[in-house]
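Report on the following structure.
Labels A, B, C and D are assigned to the chains in the order they are written; within every chain, residues are numbered from 1.
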Amino acid sequence: MLFFVNDYGEGAHPKILENLNKYNFYQQIGYGNDDFSSLAKERIAKKCKVNKDDVYLLIGGTSTNSIVIDSLIKSYEGVISVSSGHINVHEAGIIEAFGHKVISLNGKEGKLQANVLDKYLKSTFTNPSLEHMVIPGMVYISFPTEYGTLYSKKELEELSTVCHNYNIPLFIDGARLGYALASTKNDVTLDDLKEFADVYYIGGTKIGALCGEAVVFTKNNMPSHFTTWVKRHGGLLAKGRLLGIQFETLFENDLYFNISKNAIKCAEKLNNAMKEKGYRFLIDSPTNQLFPIVSKAKIKELSKNVLFEFWEEYDDEHDVIRFVTSWATKEEDVDKLISLL
Amino acid sequence: MLFFVNDYGEGAHPKILENLNKYNFYQQIGYGNDDFSSLAKERIAKKCKVNKDDVYLLIGGTSTNSIVIDSLIKSYEGVISVSSGHINVHEAGIIEAFGHKVISLNGKEGKLQANVLDKYLKSTFTNPSLEHMVIPGMVYISFPTEYGTLYSKKELEELSTVCHNYNIPLFIDGARLGYALASTKNDVTLDDLKEFADVYYIGGTKIGALCGEAVVFTKNNMPSHFTTWVKRHGGLLAKGRLLGIQFETLFENDLYFNISKNAIKCAEKLNNAMKEKGYRFLIDSPTNQLFPIVSKAKIKELSKNVLFEFWEEYDDEHDVIRFVTSWATKEEDVDKLISLL
Amino acid sequence: MLFFVNDYGEGAHPKILENLNKYNFYQQIGYGNDDFSSLAKERIAKKCKVNKDDVYLLIGGTSTNSIVIDSLIKSYEGVISVSSGHINVHEAGIIEAFGHKVISLNGKEGKLQANVLDKYLKSTFTNPSLEHMVIPGMVYISFPTEYGTLYSKKELEELSTVCHNYNIPLFIDGARLGYALASTKNDVTLDDLKEFADVYYIGGTKIGALCGEAVVFTKNNMPSHFTTWVKRHGGLLAKGRLLGIQFETLFENDLYFNISKNAIKCAEKLNNAMKEKGYRFLIDSPTNQLFPIVSKAKIKELSKNVLFEFWEEYDDEHDVIRFVTSWATKEEDVDKLISLL
Amino acid sequence: MLFFVNDYGEGAHPKILENLNKYNFYQQIGYGNDDFSSLAKERIAKKCKVNKDDVYLLIGGTSTNSIVIDSLIKSYEGVISVSSGHINVHEAGIIEAFGHKVISLNGKEGKLQANVLDKYLKSTFTNPSLEHMVIPGMVYISFPTEYGTLYSKKELEELSTVCHNYNIPLFIDGARLGYALASTKNDVTLDDLKEFADVYYIGGTKIGALCGEAVVFTKNNMPSHFTTWVKRHGGLLAKGRLLGIQFETLFENDLYFNISKNAIKCAEKLNNAMKEKGYRFLIDSPTNQLFPIVSKAKIKELSKNVLFEFWEEYDDEHDVIRFVTSWATKEEDVDKLISLL
């Protein structure tokens, strides 16, 4: 079977396994205080132009979202997200489990629009019943979004401006950040993230790691006792080396950024081939997730040889499906898929 | 430096790394539905004499405790633990974060006593103000305890009887379960755990794995939508293979149980040598944690060559320290430590 | 100033104050176990055709919503509401504070539509990612709604059918229940509520009481240890008599239902007069809340003599405002208001 | 039956009912913004020497404890209490429901001792595992305590000093504050509370009100958006007038303090008479709760004519029972009780 169902189907980049093996018996103190985590933070901090202490390694996306949001906002505050945002749909209510409402706004192609946000914040903060409402405490966006789309630098800047007008931090979920940065349609840099976001994370799970996300606080704003926050959310590994070795490897010689390019190259090839064949798309995604509209008959046929995800019904005769490429996708598999389409 | 500070200082058993490498590019479905997790559950189920569906692989001890407790008891119920229990002391309040009181009872050498438990439950359930109190919904014990001590089969049976008299499940934290079972002083078997506990877990993090604990529900009592519980607690890995490969490896040919023996052998050697040298102990631990009473001068001297943990002050001239051995401890390091004592 | 700003501007119905005074020194046991609460429950139960033990007296609407929802659904479940529902907008996130997502669906004139609900439940329960989502555990509606509109018996029946097809309880917020039942446009009875709802409450705060709502469980489905749930939510009064006396009074000789009629009579008079004068309405409310569209100039003028609530901007020249009548509104005040319009 | 079972057996002081009646049809804005609440805060503020905005009226003790604690400490912080403290025993786990551990320390006659507190805080804040623990964020004491005992001014000062050495606020639960201040053994004044406590409350429910407690923030430290905190905890009444009228009445001409004296006078009379008759006491309480040790035979006999609370078994032949007097206790009932003893 050809595997295009998600971007976490394989294990880790071989260099990571090599280092896990190489350093296996180096004895280390636990809970993230090991030498490897230290080195990883150092490398990430340098790349992201923050201090080493502004970086924290965590185990997975949902856990990271819940820790960052809960630690940065007040108990009574909510977090704004587009309705298709991961925290609003696919995280089993973990944000609410820690007491916070996800305030959902309508997005456009998965993106939050600055004017929609501004209107909401204005009407909320001037509402005479504000004290009876959930007070917005943060804005959450994904880059790339759940639909694979990208914010332009201008759009990020506008969102950031609105947030800061209301003294609300902007948090960017970068579960697939590498794929955004590697996109040929992208004009956003790590420097821009540092400027426009208050906190973001660099997703490892979907880009070369077995698990792990690296959180970057851009304004010296890591909450105090952050390790306690992490522990309290169940996200502190005894063997911090597992995250440390992975991220020091991914950030040695830009490995993370280099392997991200493969997903984009494969996705573009597939995208172009499908367009040539006349396929339409639900959304024109410039990253590693494609959402073609395919006839039900064709889908049935494809299913015999390809693993992919059903997305939603399009009309009586067509469904939207999702193809995902990754750092590990082989070009020959893309070619085989194209030949089947 | 000699490393006796904890049992999570090294990486993973080499066989685990070998398999992570071997299967790295086998493409797998995510979130625990991979073939390796399936195989791991199968092997564990067979060993523990439960159904495969009664086993669930999780990432770490604190996360496991919070998921098991929160999913098995009602919102208004609390969980009983000895005051030295891990959930009461060293988990940053995660049980309370999910709304449950840890009801602490005095223990003896880290162990909950059946008569103390019985007395508490009786007085609580007959209290006319019961509705104003936190209703006990579960009993939590650690095996071995945080002091390295062991419950005898008889003690477990008594606790189990008391619990079931009040219709309360007994949950056993087995973060170091392998070391308990490997102890030459132990008379408890996996069969006994199946009989006396309602749920327990097999700790991997401290015994050969990079991370991971395997939960075993012994009475067909895994809560429905358990994956949702796990996700909601931030404990669901996209790449379930990381846990799957580790546990299928640990449960192939009893690897888990065999490597546990090394910790006990090393601890016994150290224990015996110290007793011969006249050292006293805070507690006589039959597992891999030792709590010797050492003069402050000697501690200062040792610190130059040995990593260990300060436990508590004993008197003006002595402190209690903790030495921990593990599956990875080298006998030669034990010998070196003995020579320094 | 004429007072049309809400329906809780006055104190209590005089008969309540009379009884509070009359029984003031009758010594009573606390926490809802007093004779007055007992009598109140008896009277309510008789009227609603349930058992006395299916009735519980609580202090206020927000508290009641949080207690009923939290006690009836599982921790990981959410509650469905139209986006304009009180729990989604004006309760400061108390539902989320107890860990539950409010799943908001678009309503029509404040009402949840059975087909919209059915579609949502179907797509959710058949979603392959269900375990990663917030599982719907209850449906919440208000009767009358926040816009003063009413469900017909047929609409309630349809909603109830959908809920029960998915084994989900239907909860009706009756903060203004009396005004719904008193409306000349209403065709729903208490018998219908018993049949179609799994739990509902009879609002006292807005209809004659100083505070208090009476919850009615219609299917012998009051959660066990309900008093503990109430206490845990901060809603248990030591002097349960305060609620007991109020509700036994309101349910003596149908006082509650009789005084509700005054609000409707006043609202209809105002409604008719405004229509005659050519006013348009945002929504055609058949209960005690009216939402006229008024020119900004007129609003400014009215403000000098009338207290009312600004609702929302309608267009550049008009705003929507809200007039509310109550059990205590004087017809002469309605006449005065009409003369000013 | 003679009623000595608690201090909330009657309704309200007649003057309160008189005012509820008198102002019943004064139309008022809701949610605590009414004129009566304003007047009540003004009177309380003057008496307690704080600003009017430092006072907030709430509905009951448990609700007040949960709101004050949750709003003043961080999510990951716990609150210290003696093990017999109300929040640790009789509030159904509401503190934990909002995520906070109640850290219980052993008390002496219901009182927290400054040296015990100091030792705990010192050992915790210097613990190398602090980040894995529940960080203490507040100290909670009751005045009088759950055993009716009183802190001396010196004891309060010492506790306050310890708290402030660690930058932790001291919160005093004054559910029975009037009875403490009225005790002939008391040397603490409202001025002392302002100095030593960071926040305290003046209990109305047990002293003359139908319900209600007035919170006083002594250091301009009311958390921002406090009304949102209150609403989020289910403690905001639509008809704030209910609390406003009660407290403006209780604080007119020191009514609150004057009626408190009756409970003390009655308790002292009973106490003296029992001592003369040779009764022993579990604890020598100087306020309105007495804990005599009574033979089981006598208890059985008394039960025919007197309502009181069983406290605990003392020995095979004796139990401890509790007699409570209140603002409403009649001296003739005390005399009758004495005659039965």
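As a working rule, a contact is a pair of C-beta atoms (placed from the backbone, for glycine too) under 8 Å apart; a residue touches a chain by one contact, two chains touch by 3 or more.
Owing to the predicted nature of the structure, the values given are computational and were not obtained by experimental measurement.
Q: Interface overlap for chain C and chain D, more than half of numbers shared or less than half: same or different?
A: The interface of chain C with chain D is built from mostly shared positions.
Q: Which chain lies the greatest distance away from chain B when centres are computed from Cα atoms alone?
A: Max centre-to-centre separation from chain B belongs to C.
Q: Report, in whole Å, the distance between the mean C-alpha point of chain A and the mean C-alpha point of chain C.
A: Spacing between the chain centres: roughly 42 Å.
Q: Distance-wise, how many Å sit between the C-alpha centres of chain C and chain D, to the nearest whole number?
A: Roughly 33 Å, centre to centre.
Q: Using the average of all C-alpha atoms in each chain as its centre, how far is it in Å between chain A and chain D?
A: Between these chains, centre-to-centre, one finds 50 Å.
Q: Return the residues of chain D touching two or more other chains; collapse runs of consecutive numbers into ranges.
A: 75-76, 91-93, 97-99, 131-133, 228, 231-232, in rising order.
Q: List the residues on chain C that touch chain D in their complex, please.
A: Those in contact with chain D are residues 1, 3, 5-6, 8-12, 14, 17, 20-21, 23-30, 59-63, 66-67, 91-94, 97-98, 205-206, 210-211, 228, 231-239, 241-242, 307, 328.
Q: Tell me, which parts of chain C touch chain A in their complex?
A: For chain C paired with chain A, touching residues are 75-76, 78, 89-93, 96-97, 99-102, 104, 128-129, 131-134, 310.
Q: What part of chain A is in contact with chain D in the complex they form?
A: Touching chain D from chain A are residues 31, 70, 74-76, 98-99, 131-133, 135, 225, 227-229, 231-232.
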